[in-house]
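Think of it as A, B, C, D and E in the order they're written, each chain with its own count starting at 1.
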Amino acid sequence: MTTTNEHASLIRRGLWITALALVALGGVFAEALLRAPVERWQGPAQKILYVHAPAATMSLMAFLLVGLASAGYLFLKDRRLDTFAEASAEVGLAFGAVMLTTGPLWARPVWGTWWQWEPRLTLTLLLVLLFVGYRTMRTAIDDPDDRARFSAVVGIMALVLVPFVHLSVYLFRTIHPQPVIFKPSAPSLPWEMLRVFIMSMAAYFAVYVGFVTTRYGIGRRAAAEAS
Amino acid sequence: MTTLRGALVIAAKDLRVELASRAALTSAVTFAIMVLVIFNFARDPGEVSLAVLAPSVLWVTSAFAGVVTLNRSFAMEQEHGAMEGLLLAPVGRSAIYFGKYLANLAFVLTVNAVLLPLFVLFFNVALTGSLAWVAGLLVLAAAGYVAIGTVLAAMTVRTRFAELMLPVLLLAFLVPPVLVGVQATTRLLGGRPAGEILGWIRFLAIYDIVFITLGWLLFPATMDE
Amino acid sequence: MTLSVKPGEFHLLVGPNGSGKSTIARLGVGLLRPHRGTARVAGADPRSSESARRLIGYLGHESQLYADLTPVENLEFAARLHGLAQIDATVAAILDRLEVAAERTIAVRRLSRGYVQRVAICRSLIHRPSLLVWDEPLTGLDQASLDRVIGLVEAVLAEGVAVVLVSHDLPELWRLAGRVHVVEQGTIRFSATTATPLAEFRRQYAEPAR
Amino acid sequence: MTTLRGALVIAAKDLRVELASRAALTSAVTFAIMVLVIFNFARDPGEVSLAVLAPSVLWVTSAFAGVVTLNRSFAMEQEHGAMEGLLLAPVGRSAIYFGKYLANLAFVLTVNAVLLPLFVLFFNVALTGSLAWVAGLLVLAAAGYVAIGTVLAAMTVRTRFAELMLPVLLLAFLVPPVLVGVQATTRLLGGRPAGEILGWIRFLAIYDIVFITLGWLLFPATMDE
Amino acid sequence: MTLSVKPGEFHLLVGPNGSGKSTIARLGVGLLRPHRGTARVAGADPRSSESARRLIGYLGHESQLYADLTPVENLEFAARLHGLAQIDATVAAILDRLEVAAERTIAVRRLSRGYVQRVAICRSLIHRPSLLVWDEPLTGLDQASLDRVIGLVEAVLAEGVAVVLVSHDLPELWRLAGRVHVVEQGTIRFSATTATPLAEFRRQYAEPAR
């Protein structure tokens, strides 16, 4: 049995990781603004890449982990997996929010529009909404056992849904292509950009670990207090 | 106690029940976005362009979100007979009506306040002054159909299958404001001057006055057993 | 059928299931519209008079509580609805009286049956009504609360409140002094007082199987 | 008792509850008609032609009528704790799942069966053999999303604000079948041969198999307290 | 805490509101999952064993009835769900036993409280369970039905059915021979038998205010 002390130290550790990661991220952003080269066609707007792409990737990774932890919970019935899923979903939503604000901010200057109904964007939007639903449902259930099982069911179903949405949206678009279709697949970045990009990705990952550790510790403590 | 005070007490309680979980508002907003997405995809992109569809989607989504939230309002009174407590309280039936009306309107307007920016985002609408007019139209329309919805929800919640009955009855009343809203929004987003839609605004204002008054007159009849 | 209730009087409605006790109670407070005849509270019809409704404290088969709110929030709402002053103190006092302690800040949805009933009783009392109409108020109460509620009824009777009670728990209620009415097929068939010993009353009125 | 027998007993009971009131079916059908009408009006007739919108309207209406009716299914079990009786009965959880699934599917398909002729009427669709294919697509799509809806409704009915929570979670799952349905229907009504939509039919069939199975696997987790 | 119940035994759970009586009953029949320990019926966990569930007749605070169906339709469904034969006769017999006559073809929604309770009792008995777990089963019953239900409990006990009952109505139930368990703060604090005179039992165990 974990004691209150261990929860406190878990939270403390999470906060430390977060603090260090945020400092690192600040450094990366400074590096991106000051040192990374300005892209020829897009101009300074391209610098959003370092904020946007890692956030998007972390968000999707977080949701993927929710699905896996959910499946694990239903088999093992270990409440820690549920607490982790909860933490990862929330952090995923936070990164998702960054993605959904920086994406349009970037799209406006380069695509001339805030939004494109394009497969990947649609898929991410649906996923973020589904996880908003996931979180909302969690807040609407009092019993911790019910909450854990119900959210695990939704987490797993979301995981299974992803390929279907992807496929259907793709079918939809490739048959009747949009006049302007822009696929934000990674261009082969020059090394200077790639270096900053990888640093940014690493810093973001550290932020994810810090957030999730903190949130997980808080969740464990709340569960211990409730019982 | 005055009708106004009674109404405010009841509306405050409704909002408190909402806040007790906060789930209702998030759900309503997510629901609205989902509807936006579904509509967008339920069209053949080669045939129907996004801009042409935008006003319809905005209005249908707004109306749906309204309908979905109205049931809740009286279901909460019905669950453990709380309505008996309201009926026996020393406030008039009109205090109950206006209390419920205010809480429902606040709720629907909050959902719309979140919906409009998202609509601008997803449908790539230009940020011009006409958006303020669109917002005004949404408020004006909501003021009317929430009044009707409040009366209808009070009746239908007593029938079984309330979730089904309410939209059935309400949708007929939604047709005029939605129709007018779509037409006016199409003009506004098409860059026409606001003066062109004054006739429609007058229409909505009359609709509001008529149905708020009618609701106030008819509501007592829905309460008596 | 006529049932007239004066200040400080206690009336007990008893009778077989489905005989119409709850219906009579609901007619009396104005929740149902009578086909014939009228209901009057302090001379006014509670269906139309706000001041008549202010005098009534009604508790039916349902709790009238919002399951998502706590007991305190529920009672605060009831107090505001009745335009009371000093809401916090009033709510705390009535909850103390029914011994609802730690439970007062837990959502009603999560309370045990007996506690829900206690809070429902508080709700019907919060505005200090002059006429209490309670339909099977002892449901789900433990022995201690039951004694407390009966003590409370005695206290309000002494203050001049009129009390109409529907119940099947005759032995518990027989210690209150008042009139008993046997309801059958929608009307009062027989009346007696609780001065009659209970065994004697039961012999006089052999409850038929309906 | 076998799972199948248990499922049939439960489904029969559900239909009996429907019949006892008949309100549910009438309301669902009226609801569908009203949605058809609203869509019809919520467009600017000068800009969007009716025929182009037809497939979208058919599918969105069908899906919404489905969502609206699913809540009912478990609300009936919740109202007076009837779910406890099911849980304590000597039938497996899968009997409850398939029983509920069958009743819900029967219900949604009945609504669709009424909807399709009305759609033909309102939208002036030619009566050709491709309509049979459209009907088949509707059945195939419903088979999948009703399975998901059955699992989700079993959970959301136990949350506060169930009427809102179910659509919020279900709508994301409606996107693939509705999308595919609209595309295929557009082709079919455009007079293209049925062979062209075989890929989409396969997609829907896989969707059904995956989610019916997943529902069956996950449903027990929604029941255990 | 351990509570073991043998065929033909009668166990009465009593205790203050919120002490955990309903929770214990729901754990016992498998409606709740125990954090520690296990519930066993005829050696099997009712949560996983269909044959164990077949043996249980549970009646909780809710009626488990469909309000839109009539008593007959509700009981027919319960009978089918348990795979019984001769459904019509079985349903008619149990309704006769609880004296539900004209009311049997009226939608449950329109029945009075006492009749709903009677039909709920029928539902828990229809498959002739070997273990009855009833939570406050006497709620809302009139005197005649109460006597009938207690007679019925005596009869099934004699047939070897085990009965666990939660109730606050001690005087009514004291005539049944069996064990009484006082539940406090989620566990059994004290046990006695109904051979102890009720007054004596109450003296021994002065119900605290929790």
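In this section, a contact is a pair of C-beta atoms (placed from the backbone, for glycine too) under 8 Å apart; a residue touches a chain by one contact, two chains touch by 3 or more.
Predicted, not measured: the structure shown is a model, and the values here were computed from it.
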From chain A, count the fewest steps through touching chains until chain E is reached.
2
Any chance you could check whether A-C or A-B wins on number of contacting C-beta pairs?
A-B
Return the chain whose centre of C-alpha atoms lies at maximal distance from the corresponding centre of chain C.
A
How many angstrom lie between the CA centroids of chain B and chain C, rounded to a whole number?
39
Intercentroid distance (Cα basis), chain D paired with chain C, Å:
47
Chain centre separation (chain B, chain D; CA means) in Å:
26
Hey, how far is the Cα centre of chain A from the one of chain D, in Å?
32
Among the residues of chain A, pick out those that touch two or more other chains and give their numbers.
126, 129, 132-133, 136-137, 140, 145, 169, 172
Set of chain B residues in contact with two or more other chains
21, 23, 27, 30, 34, 37, 41, 44, 160
Two or more other chains are touched by the chain C residues 61, 68, 107
For the chain B and chain A complex, residues of the former touching the latter
21-23, 26-27, 30, 33-34, 37, 40-41, 44-46, 50, 120-124
Of all residues in chain D, which touch chain A in the complex?
148, 151-152, 155-156, 158-161, 165, 168-169, 171-173, 175-177, 179-180, 183, 199-200, 203, 207, 210-211, 214, 218, 221-222, 224-225
Note which residues of chain A are touching chain D in the complex, please.
74, 126-127, 129-130, 132-134, 136-137, 140-141, 143, 145-146, 149-150, 152-154, 156-158, 160-161, 164-165, 167-169, 171-172, 175
Going by the contact rule at the top, pick out the chain E residues touching chain C in the complex.
15-18, 22, 61, 99, 103, 111-115, 118, 136, 139-146, 168, 170-171, 207, 209
Within the complex, chain A is touched by chain C residues 107, 109-110
